[in-house]
Each structure stands twice: as C-alpha cells, then as structure tokens.
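The structures come next, written out as structure tokens.
The same chain A turns up in both complexes below, where it pairs with chain B and then with chain C.
The block that comes next holds the complex of A and B.
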C-alpha cells in the first residue's frame, strides 16, 4: 500500500508543466482561437517529442509504454495550461483502444503514428457523441451501439457544432456503418467502449483538477495585487474564505482522481465506480472554483480580454466531456445503493 | 503507487478483526461523559491494552505495538467495523502522546506514555480560557517558577473529558511580562493537585462532558514542563497538527457513518424525499474522498513528509461532512427525527440525533472552521494577513 507517486512520475510532471508554461501561453491559445482552430501542429510535434501523445502506446509500437498512473499527473498539467490539443481522445482513449481492439494491422498502422505525433484520432462515444477536432483527425473511432467503427475522416460527413469553449471544437460525424468500418462488436465492443469511457472521463477529471488549481492560483494572485479601500482585496476575509473553500474542494478531488487512475491502470473491478467518483469530484471542484474565481476578479473577470475565462471555459467544457455529472452521479448511485454493495470502513481498497 | 495491502497488512487486519470480534462488548457502554460510563470505558481500554491493541502505532516500550501509520489506519477500520467503544483517552493517546514523543525527555516518556496507553491516566486538554478561544495567544493563566515548581493561577475552560480526567495538559504564561505567542509554556498538570478545582459543564447534549478548571496557587513540578520554557506555542502547534490533521478523526469513523446513512436511506427510500438520494450518495463519496486523502497523507508521512497547514483542509472537510451526514439522516427520518433514543417510537433512530448534536461541535473545536479558512488562505494560498 503506497499512495504516492515515484520521483520519475513527478519529474515528468514538472517537465511538462515547464514546457507548457512556455509554449502553451494564453497568447498561443488566443491565436488559435482567432484562426478558428484549437490544434497547433508545431505544438503537437513538440508534445510528441516529450512523449505525450504516445504515453499509453506500448513500447513495441514505439510509444512510452506507460500507464494511467503515470499519465494522470500529465493530464493535470494539460488542464493547468488549458492545453487546447486533442490529448484526451488521441492519447488517453484512442491509443489504448487500438491496443485492446487486437487488430494487428490497425494497431501497427496507427499506434506508431500516434506516438510520433503524426496522427490525431478522434473518438465519438454515445455519452458525449460529438467528436472533438474531427476536422483535423486522421482516423475516427466511432460508436454504434456495441460496435466500434474505424472511419476515415474523408469518407464521413463532418459538421461543425460551434460551442462555448473555442478550445473544444465539436463536430457531428455522419458515416455509413458497415462491414468495412466495423472493427469490433457484441460483448467485445461493449467492453471496449466501457473502457474507453472510463479512460476519457479519467483524463477529463485530471484536466479538471489542473484547471481548478490554475483558477485558484489566478484568483489568489489577483487578490494579492488588486487594491480597494487602500489594501489588497485578498486581505478581506470574505475573499480569503471563498478561495479557501475552493482549495478544500480541490484537495479532496485530487486523491479521488489519483485512485481512479490506479483503478484504470490495474483494471480493478470497481474501475467505473472510481472513475465516476473522480469525474464528479473534479467537475464539482472546477465549477465551484470558476464561480469563485470570477467573483474575485470582479468585472475584469467578466471580460473576453482577461485570460481567466480560458480556464473557466475549460472547466465548463470538460464537465461536458465524457459524461456529465448527472451521468456519473447516477452510475455511483446505482452501485452504492445496490443490494449487494459492501460499504463501510475497510472496503475502500478491497471489495471483499 | 500501489493501492493494495501487503500480505502483512492483511494478516494484521485479520488478527485485529479476530481479537475485536471476540472482545468488543456486545452491548454499547454508557457514555463516557457520565462517571459510570467513564469507568466502563477505562476498563475497556485496559482490555484493549492487554490485547496489545491500545496504541498500535506507538513504540513497544511505551505500551504500543510498534506498527506504522498504515497499520493504524487498518486498525481503525477494524475498530469501527467492530463497533468498538469510543476512545475515552483520545486527548492523551492521539494528541498529547505524539507530542510527548516529539518533545518529551526520556523520563517524561517513561513516566507518562505507558499509563496513557492503558488509560490508567486519562487526559484533558487545556488551551481555551474565557478570553482565549480562537485567539489562543491571548492566554492569561500564569505559571510562575518558584524553585522546582510552577505556581499556577488562572482559569481554563471547555476542557473535554475534564469532568473525570486525571491530568490536564495546556499552555500557561510562564513569563508574566510576555505578550501573545511568546512566554508561553506547555505544562502537564495533575488535576488532583491542591489549588485546582474542576467544575463540570453540561454540553448541548445535557451531559457533563467538558469542564472549567480553576487554578489557585496550584503547584506543579517543573519536571512536568514539556519542551522548553517559553516555547510552548511551538509545542502546542504540533499537537494541533495531529488534532486537525490525522489522529483525532480517522476516516473509518466517517465511512461507518456514511455506510449507516446509505442503509438508512435504503430502508426509507419509499417514504422520504427522493431528492435526498443525491445528498446521501454525495456524503458517501465525500467519506471515501476523506479516506483516500488520509491514505495519501500517511503514505507521504511514511516517506518522510510532514503535516503542515494542510491539516486545516482536513479539519474543515471532516467536520462539515459529519454535520451534513447527520442533517441528511434527520431529513430521512422525517417526523421521528426529534425523538430521543428512549422514545418508544424512535426504534433505534435516536442515535442520529445524538450524533447530530455531537457533529455540530466539529466546526467549533480544534480551531473553528473560520480560523482554518484563514490559515488556508494565508499560509497555503499566500494571501496577505492584513
């Protein structure tokens, strides 16, 4: 029993944090917005050099061969930087899905390209059926009931669905499902999609944690610097307590997310329960922190100019991604209220 | 990260479970806030000590078992699972004990720890005074050195367990000209010393749980000074860290309540407001989050980390969770919520009301939650004090 990260994992996290704070600045994000895109190929190539898209690609396919326990901290960093790249679909969901499909040809074709930064893979799951960055994807993995379809983007109709967060570009994808596109079905397909959902929700939860951390930092920095009544507004207790409340929520979401990463990496039987708990806790913390951070910033925070909303919008859109809180809450409710549920002390790490 | 118990930890769990199943009294003991209940609880502690489970994480030489904090968490889980009695000496074993281990002389450790572990000596804590609540640095009780004794004058209040405890630890001003945090010393006082008068105070639950303690030229040996004279503030901060941070409220307590709340909801699902389902399940999730965070903290401590200001996050989280769980339970109970356990219509539900009243104190003691929020804002988030 050891609930801490290794030195290597923490080092990778700080490396990515430093990289993103230099390379994924609000200016970079705003430039992409202004140009109607979110993905920046040069940035993606640099991320590939660090190993980010191929985190979960096996070494045999030229990837990093890591697990969700390694990647969870990196997704936190993606959230802290409000990284607008399609890391969740490509790195967190598509790569392991391609491994688990067991189709050697498909895996051999796409996994090395993902790891090398040469392929973006969009994923459409029925829980959040619109596909992020479908227009820049090289491959689409789409759900039809229990079936998994691998679809070439140029064979599908891709319709933009403008949404609240310019960093989250959504598309409706219409395609002809058939033998040519079907790569899994039945029980196999069902369990692949279940795993994909858990991985997507976990990565979104981790990004939400990072984004929340950033929102609190931005608000605390602003509260120190902004003066009213002759002193920093951060000296007013009402402001202090708002931010303290955010910090409490954040720090009690974080370990839930970390445990979910462990559960996904080790395929524990309560994996989906743990992921849903993580998504709920992280999204609640993020929603709360966005509201408080906005309040602390006053009217300035209510402008398009001020960078705060880059993270507020991330918080909102990541809550939508991979199952909203109502979906995840119901999953938890079902499990907890089940007649056979075993609750109480001593059960957290062991189903018994 | 590896969230799987080792074979040794599992074996220890089994051993604890077996012992507890065989030894936990089948009927609940009387409240330790009554004289009779207090003595029943001491008897139980003696039995626990004989079984080798009184102080799992303490070194063997002080009456403990020499296990690490992870095993302590496992033990706590089994303890609550077995519905074993509340720990009458929690001020001693969870708060003062670790402080003595850090600051005590070898003689003090040998003198106080074993008797604490067996609850032969039960402890009360004396920080608060009528004019020093949240503002603890305003302590006014004095302890003036006179040869090999301190002569103590002043008043402490709200000392939990004070009505029947044998000893009190607390802070006194040893330098009468000092102000605020300076000039305070951490002193251990036998409550039967001449010049000390204990006056029990009834709590919101009508039981004499805490006490005022008056000192009138009471003489306490200088051997009972813990840490350096005048440095009591630092010593007390270590106790406060344990209180807020870890030992006082192990997660098992809240997991137990959360599981009972889920069961209560299931029993009453047909008759209560369906909107309560979400609150019930949220409570359960928060109790799990608290557990996960505690495992994280303990893992960090075992790797050489320390508990700092983040103990304040902890204190807010568990105390508000506890209130919320009981509030939800009372809502589920509907018209029965106001009944005391002895009401025939209560059918055992009166425990929730008792628990609710107990939980309401959580945001007040161990440093109010407002004070904790100030600490988080200033020490963790770096906001300006003024």
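The block that comes next holds the complex of A and C.
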C-alpha cells in the first residue's frame, strides 16, 4: 500500500496554495468581514475555474470526479488560507450526498451547478445543525431524523446566529418538512447522513490541519522578528519548545487525517472511527497551536490588527463544526470498547 | 503557428536562501522552486495567442528532475507539449551555454515565435534571450510590455528609460523577451493538471541535441566565483517632519546621492 500522495495530488495542492496565497489574503478576508459577509462571488467563481467546488462531483456531471484522498490536501490549503467560503458544506458534503441520493433529477439539476460555481448548497446535520452561509445558499439539504430534505432557501426561515468566526456565518433554518421536500428516509436516509457527517468532519479536520500549520508559521515568523534582551525571542529555549510542541501535535494529527481520507474514499468498515480520531487529533492540535501562538505573540496577539485571530477563530469554529471533540471522543470510545473491535498493528489494514 | 516558450525554474520567492559550501551559489536542497515569474508572463502571452486562434504552445526548460513540476504546471495552464532538457553535464553552463541548448531545441522545432521572460529572478543576467535569437538567426526584442500580431508581423511596445516606450516591429520567426506585468497570468486548473498527464513531455540530453561539447562548466566563458549576501547598513538616517517636509528632504537626499 502506498502511504504517500502522488505527483498530481501534490501539484493540485501547490496550485491551490499559490492561488489562495495571492487571492485569499488577510486583506480580502477582512474586507469581506467589514462588508458583513464571508462569501465573495468573484472568489468563488475563481475557485470554480480551478475546479474546487466540483472536486467530488462526478465527471459525468462536469465535475472533477476526485475522491477524498485527492481532496484532503486541498481542504488543508483552504484551512491554511482561512478561506471564507462554504467549501465544506458545498464541495465536501453536499456534492457526494446529491450523488448518493440517487435522485437523477436532483443530481442533474444541482451537481453541474455546484461544479460550475453557480450554486452554493448549505447542509444542516443534527450533529452540526447550524447552516453555514445559509443566506447565500441556493439549496439547503437538511436533516429531520432519518430523513433528507431538499429545501429551497426562499421557502425556509433563515435566522442568523452568533458566530465567533465571521468567515463562518451561522444560521438556524426553520422549514416545513413534508413530501415535497423529502428526498430520502429510513435506512437510506440514515446511511446518507452518516456518510455526510463523516465527510464534513473529515473536511473540517483537514482544514484544521492547514490552519494549525499557518498558526505555527505566524508564531515562528513573529518569534524571529520580535527582539527581547537584544535577541529574537525565537532564540529562547522556552519559545522554541512551545512551537516545537505545536509542530509535534500537528505532525501526529496529519497522518491520522490522511488515514481518515483513505477510509472515507474506500468506505472501509472503520470509516467513522478513523474520521472521529482525525477530527479530535486535528482539533486538539489546532486548539493547542492557537494558545501557544497567542502566547508567542504576547499582548499583540489580542489585537484586531494582527492577523493571528483570523486563524484562531477558524480553529475554534471548526472544533465546533461537524461534531465537537466530546462527540467524536465518544464515538472512538464506543468503537474501541466493542468486543469485535479490530485493534492493533496487525489489524490496521486487514480486510480493506 | 508554433510558439516556443522558454521557462526557467527558480527558487520560490518565499524560500529561505543560504549560500552553499563553496560560496558559489545558494543551497538548493530542501527549498521550494517555482517558474520564474517573467517567464509566466511569456507563457500567458503564448496561451492568449493560442486562445485567439490556432497555435501550438511548446514549453522548454533546462534543469534537473525538479523542473518536471514547472513543465507540468505549464501544461496544466494550457501548453500543448513540453521538452525537458535534463542532463547533469549542462550544470555549470553560463548564459551562452544555456542559449546553445535552447537554440538546438529551436532549430529542431522551428517555432514561428519564441517567447521568454526578460530575465531570470535568480541570476538576473537578461542574457539568454538575445543570445538565443542570435544563435537561431532571428530578430528579437526585449522588455516587451505589449505584443500585437498581424499577418506574421509582431508589433511590440518595449520599455525604455524615462517611462517611455519604444515601438518595434518584427517579422516572424522572431523572439520576444517580455517584461513583467504584460498580462494577467492564469492559474493552472485542477482539470488542466489532470489533462496535462496525457500531454507529451519529452526528456532530452545535451548529446541528443548535439551540443554536448558546448555546455557545462568546462565550456563556460563566465563562471561565478563567489556570491555573498548584501552587507547590512549601519548608517540609517531618520527623516522627520511633516509629510511635505519629509518629501522635500528625501528629494534633496536623493539628489545629493546622484540617484536622480
């Protein structure tokens, strides 16, 4: 089994990193915040030209036809850039959910629009019920028990909720569930929502890895510039160790996230276990890096003018998204305590 | 119409540069590389011509294995073919040696137009494009800030001193070395990168091109004996006052230093 990404996947990553470093700067993010929005149509259109919204849209519907293994590095880049666009809901969750629904009419109508950048799809899952960017969504996929409902935004009541990350604006969506909106139910619906949760949590974990990397970079750069006692503070052992510990947590989390991407793409039986492990590891690393980066920056880290808070907010908000750490820790606990749990190095890839 | 675009891979603008052991170049291990930004404008200009009609865009680069990524990026942006001259014997070549390699490729391919960046961001010689044109025996211009085509004739605005432009016309085949900012460079799309896998990327050596005895450190007439970081200044002068006063003092200072 290959444990590395291939040249194409790495080139995809480099390409998106270069694009976002030029087009999704802190100035762009701050401008969107100042204007009370997160989604920027022009940026979304550029992302669509690159192929980002349609990553998981099948080629038959004019998408990229990629898998989660291909896309996990791209979601890392979205986190590294603190991309203020609804890529998790639209690209990572809604597109494969529309494919798996098996409703040809719905898929035919929405998948090409997602791939083309013409549609944003909000998703409300019972574990993550507040819908990101619902006010600019063209379609809402919402959960009621085991049922999947496809709801037109103008037929729902969309109520803004407090959010600490202005790049992830949250909305409560009230709607009348009925035959007209129901597109799946029962076992099929339950299975669809389970897969959607894993995909959302995986994409959030990948973004957390990217955000953590950026937090460490910001702190390391500041530690090189900030002088104290005539030396950069980065030369002091205490500061070095803080950043080294962040890096250790990040590099332990990264392969867990990549493992989860493989499990989701291949639909392995332990998919949910691997995703929960990834979400916890990535969120823990991001929370730790946020605190340490703030310490390195000192009082300056609290200021609005410093960019640090852009990524700290992302780390906090993504920890809450698609299952908080306590939810995912519970899932891991349930699985590893099962009598039939396949644990240990000799069983890691058995049966896949 | 066939357009040949010369690309060079240079250290990434964000790369931390350290000098190598013998002090003759930077330490290239473990740093990121990217396409020389001047060359990206040349590539974009070629792709714009391709977009406007029938044109085949061939990208050519010289260097080690890592250069493949630059060529694949160019193919992902829309180039049709790539030639990678990958030969350790070329290492240590001066600008003339590099120009001879590119000229050998150009003579095999017979392009109607060769586009290149004005200079590379690492060495800054700006020497290869004119040398290449001379070796191929075609007219050339440099520092082009505008390129227009009409029936085999190119009209280029080239940047000259004092903020003025000089307008030159060239008959194809010819070479144009472009200034940065000529156009808005596109990004490679993910779909383009996937499609690029099916595009030809040929690898050649100096021997394949018949220039093995004309390249490398042994054939170079110019060699780098030492590079060093710029010395740190310790005579910074703080200019104080109102904005108008500061501006007046700066102008006076600049004139004193003979910079205007």
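We take it that the second predicted complex is superposed on the first by the 350 of 352 C-alpha atoms of A that agree within 3 Å, B and C clash if a C-alpha of one lies under 4 Å from a C-alpha of the other, contacts with A are read in each partner's own complex, and residues count from 1 in each chain.
Note that in this section contacts are C-beta pairs under 8 Å (C-beta built on N, C-alpha and C of every residue); 3 or more make two chains touch, one makes a residue touch a chain.
This structure is a prediction, so every number in the text was calculated from the model and none was measured.
Asker: Between chain B and chain C, whom does A:303 touch in the aligned arrangement: first, second, both, or neither?
Answerer: neither
Asker: Return first, second, both or neither, reflecting whether A:191 touches chain B, chain C, both chains, or no partner chain.
Answerer: neither
Asker: Once the structures are superposed on A, label A:161 by its partner contacts, choosing first (chain B), second (chain C), both or neither.
Answerer: neither
Asker: Tell me which partner A:227 touches in the superposition: chain B (first), chain C (second), both or neither.
Answerer: A:227: touches no partner chain.
Asker: Go through the superposed model and pick first if A:11 touches only chain B, second if only chain C, both, or neither.
Answerer: second
Asker: Tell me the contact category for A:64 with respect to chain B and chain C: first, second, both or neither.
Answerer: A:64 contacts chain C only, not chain B.
Asker: Residues of chain A touched: more by chain B or chain C?
Answerer: B
Asker: What is the contact status of A:243 with respect to chain B (first) and chain C (second): first, second, both, or neither?
Answerer: So A:243 only meets chain B here.
Asker: Considering only touches as defined above, state whether A:51 meets chain B (first), chain C (second), both or neither.
Answerer: second
Asker: Which residues form the common part of the chain A surface touched by chain B and by chain C?
Answerer: In chain A, no position sits in both the chain B and chain C interfaces.
Asker: With touch defined as at the start, can you tell me which chain C residues reach chain A in the complex?
Answerer: Touching chain A from chain C are residues 34, 69, 72-73, 76, 187-191, 193-194, 197.
Asker: Given the complex with chain C, which residues does chain A contribute to the contact?
Answerer: For chain A paired with chain C, touching residues are 7-8, 11-12, 14-16, 18-19, 46, 49-52, 55, 64, 66.
Asker: If we count contacts the way the header does, which residues on chain B are in touch with chain A in the complex?
Answerer: Contact set of chain B toward chain A: 1-6, 9, 13, 70, 74, 76-78, 80-81, 251-252, 255-256, 258-259, 262, 265-266, 277-278, 281, 284-286, 288-293, 295-296, 298-300, 303, 310, 313, 316-317, 370, 372-374, 376-378, 380-386.
Asker: Given the complex with chain B, which residues does chain A contribute to the contact?
Answerer: 1-6, 69, 216, 220, 223-224, 231-232, 234-235, 237, 239-241, 243-245, 247-248, 251-256, 258-259, 262, 277, 280-281, 329, 332-333, 336-337, 341, 343-350
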